[in-house]
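Shared between the two complexes below is chain A, which has chain B as its partner in the first and chain C in the second.
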Partner chain A sequence: MLTTLWVLPVAGGLLIALLPRHFAKWTAVVVTLVELGLAGFVAYSFDTSTGGYRWVEHVQWIPQIKVDYFLGIDGISVWLVVLNALIGLIAVLATPASPEFRTSRFLALLLVMQGAMTGVFMSVDLVLFYFFWEAMLIPAYFLLWMWGEGGTFVAGRPAANVSRGAFPPQEGPRPLFASLKFVLFTLAGSLLMLVGIIGEFVFTGASSFNLPDLAKHQADPVIQFGLFFLFAVAFFVKIPVFPFHGWLRDAYLAAPTPMLLLFAGVMGKTGAYSMLRILVPLFHDPTWWWNWNGVVPVLGVLGIIWGALMALAQADMKALVAYSSLSHMGFIVLGIFSFNAQGQEGAVIQMVNHGLIVPALFLLVAWIQERTGTRDRGALFGLAPRLPVLAGVFLVVTLAALGLPGLNSFVGEFMILLGSWAFSPGLTAVASIGLVLAPIYMLRLFQGAMYAPATGELPHGHAGHQEAAAPALVDLRGSQLLLLSPLLALMFVIGLYPDLLTRVLTAATLGLALPWR
Partner chain B sequence: MLYGYWTDVNVDQTYWTWIRAGSFVLPVNLLLDHLSLFMCLVITGVGGLIVTYAVGYMEHESDASYARFFCYMDVFVFSMLLLVLAGNFVFLIVGWALVGLSSYLLIGFYYWRPAAVVAARKAFVMNVIGDVGMILGTFVVFLQSHATTYGNFGWVPRSDSGYLELAAFLFLVGAVAKSAQLPLHTWLPDAMEGPTPVSALIHAATMVTAGVYLVGRLHPIYDVAAVAHHTVAIVGAVTALFAATIAIVQVDIKRVLAYSTMSQIGYMFLAVGMGAYAAGFFHLLSHAFFKALLFMSAGNVIHAMDDEQDMRRYGGLWGQLRWTSPSFLIGSLALVGVFPLVGFFSKEFVLGAVFSKPDDPVSIWVWVVGFVTAVLTGFYTGRMWWVAFWGRPSETRPVEQPHEAPGVMLIPVLILALLSTAGGLVQTSALGFGTTLVEDYLKPVVGALAWPPSPIELIVTIATFAFGVLAFLGAYLMYVPRSERRAAFLDGVAEVAMAQPRPWSEQFPRLQALLEHKYYFDELYDFVFIRPLNWIASWGDRRIDRTVIDGSLTGVAALIEDGGAGLGALENGYFRSYVLVFVGGAIVAGLIVLWRAFT
Partner chain C sequence: MLAAAVNYSWSQALGDMAQISPVLVVSVALLVAMILDLVLPPQVRGASAAAVSLVGLVGAIVAALLLYQSRGHGAYSKFATGDDFAVFFHVFFAVLGILTILVTHPYLARRNFLQPEFYILLLAATAGMMVMGSATSLVTIFLGLELLSVALYVMSGFARRDTKSQEAGVKYLLMGGFASAFVLYGMALIYGATGSTVLATIAQAAGSDTGNNLLVLGILLLGVGFAFKVSAAPFQMWTPDVYQGAPLPVTAFMSVGTKAAAFAMILRVFGQGLPGLSHDWGALLAFVAAASMIVGNLAAIVQSSLKRLLAYSGVAQAGYILVGVLGAHGAGQAAVLFYLAAYLVMNFGAFAILVVMSGPLGDRDRFGDLDGLGYRHPLLGVLMTLFMFSLAGFPPTAGFIGKFFLFAAGVSGGYTWLVILAVLMSVVSVFYYFRVVVHVWTPPAAPEARFAVPAGAGLAIILSGVLALVLGLFPSLLFALAQLGAAPVVAAGG
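This part shows the complex of A and B:
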């Protein structure tokens, strides 16, 4: 079952690459639909009575070095697998089908990336995990570079700036630079992690690379201190955690929208998931000069505040959403490192929430750009009367993103802060400033585009003559609304009935909650 | 619902489990007791009248806006009912935030007006500060007492402690933000950008009184946490006085009413802060009547005046608006606290109870502030009334012959006028005898007043009343020019009645400027918070994020670019080197692991 979950998208991707392009999109839709169905089935049939891994597949892979092919799903990974499948389907549906876009190649890479991420969420063996971790990077690199804004396969844009002129190009879109920066940065982290994996095996005296097994063998605190660092940097870069987010602006700005959904919605989660899966159980006490377990939440809080501040400063709506994502990921890190059930469950809920909200925001920004030709916050205003449906949907997503109680994000942030309050009230008080900054930048984004500008009234009279001087814009199409509707529905469902997630989580997360201090 | 009046209702019903995480298990439960029923009656009763009124008021809007308006109003009523019916802290916060959301949506209803958009955002952000306070308060309660639901507050310890004070203060942040008390008050006057029925329902009668409800609901905590409890009273008293002084100089009729609302909620805060819960809630009820009446009458006037809100441009409306003018007068007199209108009974109940409170060093000072505020209330209400309705029509008045509002807008106003006139009869304890229906009704939840009335309470009551009325009449002398007075009106006291004191604003221009700028709170917040925030954000973006954080990476990337160019074709160069590093690393790693496995 679990092998099918990751092989299916990869095989589907390879198939699409071979098929004529007319079939590409529909094949991809079928593959991702089946993937979602399978993931949904796994989640639906999930036995909540006990903890531990389900659907385990465990065979020897490289017996000489004790590496196993070991897949398993527990209450944490199941939701991320479902999220990955859902966002994958939406990303495929949002992909334009046109010859100049090279749809079949795009979708092939996209599905391979999705399959690799599924593998990351299911691996129990550390080496297998590393394999998937690296595998998802390769399609991401090509997608960013070739299809990025200004890239080779983007219609109507010059494929210049690849090899001419200054490097990095100072003006205009720079997909090559962005993809390179992302890959190199991530790769640096991965290599450190590889050293860490070996070190973990060498120094703990464990007889396998299985995570549960490794967790039983705790190394000396000083050794843990070093190993923790090697792993943490890889995850910090991937999430990203302040101040390792240097790649974020360029990569998110360059990323083509369908890829960005998976990139921002799910790939960042692999880092957070790995923190919960690897950093927390494997290193109970990474202490030498200081304790890493106390450093990470501080970075999380710095990320919350810094992301929010940077979001305030962005004129480009896509960049604004990217930095809001940095802020939200800070909450997740804080929750994981609060070392209690509330914080860690909140973190998992927030991973899912963020995976629902950020794709919706990026889609909406892309659609606004498609209609108006710009995503500059300063250039847009007064779209609400011209795009009423889009405005309504945008409002709901905005409210979810700023953590309105009753919608999903509130649940995660509430639980995370509850957990971290038990851990450190002072830190939590600082983190809660992020809750106050969120409505400021999110409402700037929403109101700036939708409502009156600060400098004058909209041409909108008393008696309803709404036809403005501006040309008519096409409101959200039915298909686009359909694309968003599962995300919107889940925002409400998780907001009102989070126990849907937590009753599966409780058994799993409690096992990870460690008494620190 | 009225059924609850005669029996002691206390229903706590659980529907489903919201979340479970370790020991934090939260049910979705609703609590129906006398306090929530009381609030429900205010919300649905006054709310029903206001929504009916809005049917007429919003008639000129386009179809889409009309539908949007009533949609938002219903969201508000739902949220407010959720707020008062919630049986646990989390759903209290959900209701709390959703009323904030509906308030945001309705303030920004005219989204084509820049001022409305800015005011809406300001209200939202201020309210989120309150929400954060509530959230943190919930954490404190849970971590110390393991309580997530009210559960009749059996978990509150008997003796005061630091954590209880902390929780009480954090909840107070929420109450202060929602009820527009100092220092989180600046959003309420700006909220008047919303349509007038919204001002009547949300920003006068119901939502802004949620802070009073919160203190009443959590009174077992505040009864023990003495410092926080006194802070509630002090915040209320200071806000009451502060807002009343600003109301004196405002010229926009809705803003006068907005500051008056702040001031009256201050009374409620000082009542519940002194432990006179029934008095606070009676004033809440009474204020809902007369302030909704005032706002809706003002809405009629604004409609008649072609959307003009500057009351200096009205004048002489008495007699021209045959129903609205007397309604506005009743509302004004109730606000001043004139016997036997509802405002008299509620305000005197509050002040009397505070005055009589024994063994409390704060109570007498709170009372003094309340008394001064009552006099100022008489003055600014008088100014509003005389300037807008009396004298000759202003030369710049937009409409010569104003039209009275249609029936659908008049009938709710008249019903509220009736309630503002006779509503005080349900609780006449300010006079020392008569009915005590409100007090009896709320007794099962908030308990009875813990101290007897002082022997001189009635004298104090009469004094407050008298000074309030004198201030109201004094405003006549100051604001109605001698030439416009109708001599017949005050025949008996012609000598006094024809006096024309110099306006105080001419004598104290600096004070006038201070009040007109609302004590410079907006400017202060702009200077201390908003500008630094924007400055730090843009400075950080340019100087740190794009240079230090990004630059470290760019430098590395450019370095490898140079190396990569040397390797061969540019595009493949990176990837090849990437694979090279990867494979090389993997080989080294494999060797080490092999070595480890075989030794």
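This part shows the complex of A and C:
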């Protein structure tokens, strides 16, 4: 069953690469729908009465060094698998099927990336985990580079003069630069993690790569200190946590919208998920020069503040959302490292919430850009009267992002702060500044674009693909509203009925998955 | 000694010959190819030499497989053996030879080179490599080394009208002769210190006597020669020039073959002959490994020729493999054999694609020549991407699993610092491997004609690609074979 969950998108992707454009898109929709159905079935039939892994598949892979093909799903991963399937479906639907876009190849890479991320969420063996972790980089690299803004397959730019000559290219829209930067940043972290994985095998005396086995073998604090660092760097870069976010702006700005949904919505979560899955159970006491368990939440809080301040300073709406994402991920890190049930439950809920909100925000930004031709916050004003539906949807998402009670984010952030208060009131107080800053940058964005009084001519979009002469300011189309509706619905559902997520997590706390201290 | 020679019976002679049968098969094929070259009409000489070579190499594989798990006891007074270590390398070199012939045949015709001579030299070099795989005495090791080197000196200068090729031949000859002298001097000193050239006897005599300066000096000189042959820093200077000048198929053959043969030699001599002195040669190899990874990876970044890029990447890869040599006893040697097999498919595959691309006037190895490969020949583009990802060590390819084995052995052998260095340098390597990928998928400036891909070469490339993927997804079978192959060297050292 779990094998199907990751093989289906990968195999589907490889098949789709060979299909013609329109056929490819509908095949991809079918594949992702089936994937969502399977993931939903796994979540629906999830037995909440006990802890531990379900649907376990455990066979030997490289018996000589005890590497196993070991898949399992527990309370932490089940919602992330569903989230991945859902965002995958939305991303496929949001993919344009135009000839110059090379839709078949794009969808193929997108589905392979989705499959690899599913694998990350389900791996219980560290080597298998690393396998998927690295494999998801390859499609991400190609998607960022070739379909990134100004990239090879993007309309409005002659294909021939793209990225020729200088390597890496240094100016203009530079998807190649962004993709390389992303890959090198990530790789530096994850290859160190490879050393960490080997170190876990050798130095803990467990002689195993299975997470449950390794959790029982705690190494010497000094060794834990070193291994923790090797693992953590990989996750710091991926999430990203405060001083490791250098790739974020370039990559998010360059990313094509459908890919960005999966990239920002799910891939960042793989890092946070891995912290909860690997760092917390394997390293109870990583102390030498300092205690890492105390340092990481500080980095998280710094990320909250830094991300919020940077978001305040952005004119580009996409960059604004990117930095707000950095800020929100800081909360998740804080929750994970508060080392109590509330904080970590809140972190998992917040991973799902953030995975719903950020794709919605990026989609809305892309649609506004499509209609007006700009992402510059300052150039936009008074859109609400002309685009009432879009404005309404935007309002809901904005309020969800800034944590209004009744919508999903509030639940997660509240639980995180509750948990971290028990851990360190001081840090929590500082983190709350982020909660104050969030409304400032989000509402400024919303009010400015939607309700600000007119100050001149509105920029015109290139949107109406065929009808260039017609006014480009058309409201949200039905299909686009339909695309967003599951995200919006879930924002309300989780906000009003968070038990949907937490009941599974309570089950997880019963097992080995989250050893509290 | 004289009495032993007198009593040398027929049954013993046949037994000894059976132990080295793969080498004999290749040698016979070599002689047949030379004779046919004299008697056949000129038009069919090339094809017949290629056919004879192929038959000989396939025969060598069969002969090697017959030896499999025969626990060879050492032939010719323990100067050679047919143990599983030898079998592994016999099959390895025979496969390399077959792939090279498949790729080379159309290339030779296109560039109008002498055909039969090329195959004869190729067989000679392969035989030399095989001798190095089965040699268990310093004398036979040197014999194989010279047979291999002399054939390669000539092959490097095979494009006679190309001055760069001539330069490569001469440079390789001079530098190679220099290295051979080092090896020989080192061997002489070791012989002087231990009184024997047979590795098993040396191991007994040397023990773990680290105080013997003569022996340490011998190891040092031997290490210099070996480092030269695996093109490890700081003895890598010849590599880029020779790789660039030599015709592409020769580079492809040499880049994998010489390296593997030299690693066979290192594992034999250090693992089987001098295991007690691992502290001495361990420090030496650790330095060489670190230097190779740093020099190779940093120098590869700035190259503008693909051959030179792959040459420096080869220097770096030698550094990674040395991590395995230093690594934990048993796991390390097996990891080296596994990685060499992975290196065979990925490095040869990358070179083979360049061979197919080369025109009648010369090799095309500028980055610009790769532009649009992915659009002209999507399959070749995908495979080139696969080989580059494999060299860079990405899953799900053989290169990833190979590196994982090497690094795992390195960490459990106590060389964590070296592994961390290797990992950081791997990040650097991604930059230049991706540079190749970027050019493969960059639309060409002007639409270029598709070039024809000959069937044999296409088969060799696809086979390499499939293996690079399969070994990455299901590595356990080959790793089991690598463990069996490494067993003789490990058992002697344990």
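Brief remarks on what is shown
The rule is short, and it goes like this: the second predicted complex is superposed on the first by the 474 of 517 C-alpha atoms of A that agree within 3 Å, B and C clash if a C-alpha of one lies under 4 Å from a C-alpha of the other, contacts with A are read in each partner's own complex, and residues count from 1 in each chain.
Quick note on the criterion: a residue touches a chain if its C-beta (ideal position, glycine included) is under 8 Å from a C-beta of that chain, and two chains touch if they have at least 3 such contacts.
Bear in mind that the values here come from a model prediction, so they are computed numbers and not experimental data.
Counting the residues of chain A that each partner touches, chain B and chain C differ, and the larger count belongs to B.
Of the two partner chains placed by superposition, only chain B is touched by A:Leu404; chain C is not. By the touch criterion stated above, A:Leu180 is placed in contact with chain B and with chain C alike. By the touch criterion stated above, A:Phe201 is placed in contact with chain B and with chain C alike.
Looking at the shared chain after the overlay, A:Leu192 reaches chain C, while chain B stays out of its contact range. Look at A:Ala135: by the touch rule set out above, it reaches chain C but stays clear of chain B. By the document's definition of touching, of the two partners only chain B reaches A:Ala429; chain C does not. In the superposed pair of complexes, A:Ile65 makes contact with chain B and with chain C alike. Contacts of A:Val493 after superposition on the shared chain: neither chain B nor chain C is touched. Chain A residues 64-65, 134, 141, 162-163, 167, 176, 180, 183-184, 187-188, 191, 194-195, 198, 201-202 lie at the interface with chain B in one structure and with chain C in the other. Chain B contributes residues 16-24, 60-65, 90, 93-94, 96-98, 101, 108, 111-114, 116-118, 120-121, 124-125, 128-129, 131-132, 135-136, 138-140, 142-143, 533-534, 536-538, 540-541, 545-546, 549-554, 556-558, 560-561, 570-571, 574-575, 578, 581-582, 585-586, 589-590, 592-594, 596-597 to its touches with chain A in the complex. Interface of chain A with chain B (complex): residues 64-66, 134, 141, 162-163, 167-168, 176-177, 180-181, 183-185, 187-188, 191, 194-195, 197-198, 201-202, 243, 245-247, 249-250, 306, 309-310, 312-314, 340-342, 345-346, 382, 384-385, 388, 399, 402, 404-406, 410-411, 414-415, 417-418, 421-422, 428-429, 432, 435-436, 438-440, 443-444, 447, 450-460, 462-466, 496-499, 502-503, 505-506, 509-510, 513. Residues 331, 334, 371, 389, 393-396, 400-401, 404-405, 407-408, 411-412, 416, 419-420, 423-424, 426-427, 430-431, 434-435, 438, 441-443, 445, 475-476, 479-480, 483 of chain C are the ones touching chain A in the complex. For chain A in complex with chain C, the residues that touch the partner chain are 60-65, 127, 130-132, 134-135, 137-138, 141-142, 145-146, 152, 159-160, 162-164, 167, 176, 180, 183-184, 187-188, 191-192, 194-195, 198-199, 201-202.
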